Amino acid sequence: MTREFVAEFLGTALLLAVVVGSGIMGESLAGGNQAVALLANSLATGSALVVLILVFAPISGAHLNPVVTLSAAARGKLTWSKVAPCLLAQVLGAFVGVAVAHVMFGEPAFTASSHIRSGPGQLVSEAVATFGLVLTILAVERSRPAAVPYAVALFIVSAYWFTASTSFANPAVTLARGATATFAGIRPVDVPGFVVAQVVGAAGAVATFAWLWSPERAPGADRRTVAGQGGLVDVADEA
Amino acid sequence: MTREFVAEFLGTALLLAVVVGSGIMGESLAGGNQAVALLANSLATGSALVVLILVFAPISGAHLNPVVTLSAAARGKLTWSKVAPCLLAQVLGAFVGVAVAHVMFGEPAFTASSHIRSGPGQLVSEAVATFGLVLTILAVERSRPAAVPYAVALFIVSAYWFTASTSFANPAVTLARGATATFAGIRPVDVPGFVVAQVVGAAGAVATFAWLWSPERAPGADRRTVAGQGGLVDVADEA
Amino acid sequence: MTREFVAEFLGTALLLAVVVGSGIMGESLAGGNQAVALLANSLATGSALVVLILVFAPISGAHLNPVVTLSAAARGKLTWSKVAPCLLAQVLGAFVGVAVAHVMFGEPAFTASSHIRSGPGQLVSEAVATFGLVLTILAVERSRPAAVPYAVALFIVSAYWFTASTSFANPAVTLARGATATFAGIRPVDVPGFVVAQVVGAAGAVATFAWLWSPERAPGADRRTVAGQGGLVDVADEA
Amino acid sequence: MTREFVAEFLGTALLLAVVVGSGIMGESLAGGNQAVALLANSLATGSALVVLILVFAPISGAHLNPVVTLSAAARGKLTWSKVAPCLLAQVLGAFVGVAVAHVMFGEPAFTASSHIRSGPGQLVSEAVATFGLVLTILAVERSRPAAVPYAVALFIVSAYWFTASTSFANPAVTLARGATATFAGIRPVDVPGFVVAQVVGAAGAVATFAWLWSPERAPGADRRTVAGQGGLVDVADEA
């Protein structure tokens, strides 16, 4: 359990260092063009996500996200006793990652964001983003597990752009981004709404997945999967 | 069939949410630089296409596009009775996706586009784009099926830039983009021309594929393919 | 041979349509920022290269480039009688591709470029770019053949930026780009120098490859390769 | 040993030609927008890294980086007698690469940089970047060796943006970048601090890896790996 805790802590810390650090760098260099800053921020985040999942998945599954951990527990893939330490590691890691980014860029460890992110459009955005993220993980884990790192990263790159909230889609990330008065920040008062919307979206994804991929409804869904090496290997997963 | 209908509906809805949403976001942040907006739009669309095909292909083939469904039926890979519900799901999904994007960005559900996209250059562009898209799907599905999600996405990223129309290449997408007065919109009166050009391009691709990959002309074309797991697996498909 | 001719023709035509078309689009939208235009141009070209190689490699090897065809012949991998028709298909395809791009964007079929690309820096650039391209193809084809489409595309994306000439690295492409008075053009008088530099670079790559990967010098180089399916499959080629 | 020396020399030379060349090109075209220049620089570097590792890994492991070579030696994967020639090849290659870039862009072979990169934020950045890079290599080499070229490249793309130093993470690269008065340069007086920070980061990564992936702590970590073809093949490595 210590190893899993450390992996989730370290992975989430590096994720936040990337999200916050690349936001600071992008904004400081982009000369006021916010789209160029967000291109940098989304490219850096997506690139890092592939790597972090490749590195930490063999140890802890590389959830790096409380709603992913909760979805796994809800589906019986993770014992509930592991959930609390996992979430704790993710939240602690997230705040440490923000502090690391701030130190690299010569800022105080934590600063309160005043970036307003409220209103129905933002909440719908977070629900849609988290629905898409969790559905992606569940579906690709089932049919092409080795493609999960790429699928997760590409979904987030896309969601940075197609949602009005730039897709936080992660309660630990949301909490910690309340503590940075930079490009990636969110006003602390807007955090609870984001988290609720994320949980709603994740629950919708778990339900949709259960319906669409249920054994009685999709008897052929397993035909591309070969049971081997503990179920982790999929013979069609080769691109 | 219900599952396939839902998969095509949901996949096309998410695709349109990405196309329209990232267009709105890109344009609103790019400070008037349309190339930066299109970089964001193409990056988001390509990233999402990989994910949507990975997620929905095991259920419905993830056509998300009427001309892809029609091409499959014309080649005898899909029974004709499934075509109509498939197209219906795609068109309904496309409009719902536009509405979702609009809600996220605080717009009315539908707005009529006044974005002029007419003239011979536009029509040739749509024919070329759809020719390339359908040929890509048919050829890569045959020689390296697991690479299809990546090939489709990369083709579209490229076609957003090399065609004068930014490559709609999809009648359901074209119809629904008539209902958004944003970056991705198209004047409703220009829609029929686009759809005709797309059908022409797709037909050309089916004919070209049939000629170039016909068994008598390409007796060795199958030498890299291993029949296994229902023909879905290709041993050379490993990069 | 007809099939191979058509594949090389069609592939090179599409390649030039992408190179020239995305150059026109990028420049027209970028508001004078040439780096943004080149980002679009390089992204579109790289994306298309993956797809074109995936699509046409099973038929003709997808050389799409005279120096690649010549390198293959020099190494005894292609009979010399096939070289001339191959080069003809590539050159014809390249000019047709330029015309297709021009038609899509409402330009005359061909226009003479006045884009000056001369001087020693440009020639060294073309030699370095072609050296890198051919070495990449030879080395990756040997150790991880399924990764070739990705390796070629990524090399070209990189070379668009790190060489002073934006890396033509292809005599057919160079000739045809003399016929476009747009972003991607080259003054016809500068074409011969480019072609000579490209041949020099390719010859250097063939020699370097022969030395570094010679059986007596690299007895273990084959240990990762499994002879199967006509030598096209490499068991380590799985990322 | 000659082959390995030449591979490390050539690979590092090409890497520096890319880093410095794309920096010059990006800055000269970006019209003063430093973020656009860094987008080009990071895209070119990441693309090239995939290719260079694919090309040279079968010969020398494609370290291209003294701290990677030292980490391998410290872990007993490389005999210490090979370390000095390896480092020499990397450093020589790095300087030659800078000169090649300069020649392509019509600059003198070497020029002293006056780009100030000092202060604690820069040093922490280099330690974090090198920690992440080395941990990525060690972890992915163990669980999915065929994904290493992609993981390394994506990590560096990300680190160009999320660290305040734009992530040199390589002592040979750092030394040679002291010899270019262009976008990618570093004031020679700032080089030693960077190198020390890089060694500290790499040592931290080796220690973290040893702890997290130790056999007694991670008895199941090998369950996804199949010993075959000299331990280079991983059955789960298929995306």
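Order of writing sets the labels: A, B, C and D. Residues in every chain begin at 1.
In this section, a residue touches a chain if its C-beta (ideal position, glycine included) is under 8 Å from a C-beta of that chain, and two chains touch if they have at least 3 such contacts.
Nothing here was measured: the structure is a model prediction, and the numbers come from that model.
Judged by shared residue numbers over all numbers used at their interface, chain B and chain C contact each other through mostly different positions, with under half in common.
With centres computed as the average of Cα coordinates, no chain lies farther from chain B than D. Centre-to-centre separation between chain B and chain D, using Cα means, comes to 38 Å.
We define each chain's centre as the mean of its Cα atoms; on that basis chain A and chain B are separated by 27 Å.
The set of chain C residues that touch two or more partner chains comprises 33, 36, 39, 144, 147, 150, 237-239. Considering their complex, residues 3, 6-7, 10, 14, 17-22, 25-26, 29-31, 33, 36-37, 39-41, 43-45, 47-48, 50-51, 54-59, 100-101, 103-106, 144-150, 228-230, 232-234, 237-239 of chain D touch chain C. Looking at the complex, you find that chain A touches chain B at residues 32-36, 38-39, 42, 46, 119-121, 124-125, 128, 132, 135-136, 139-140, 143-144, 147, 150-151, 154-155, 157-158, 160-165, 208, 212-213, 217-218, 221, 223-224, 226, 235-239.
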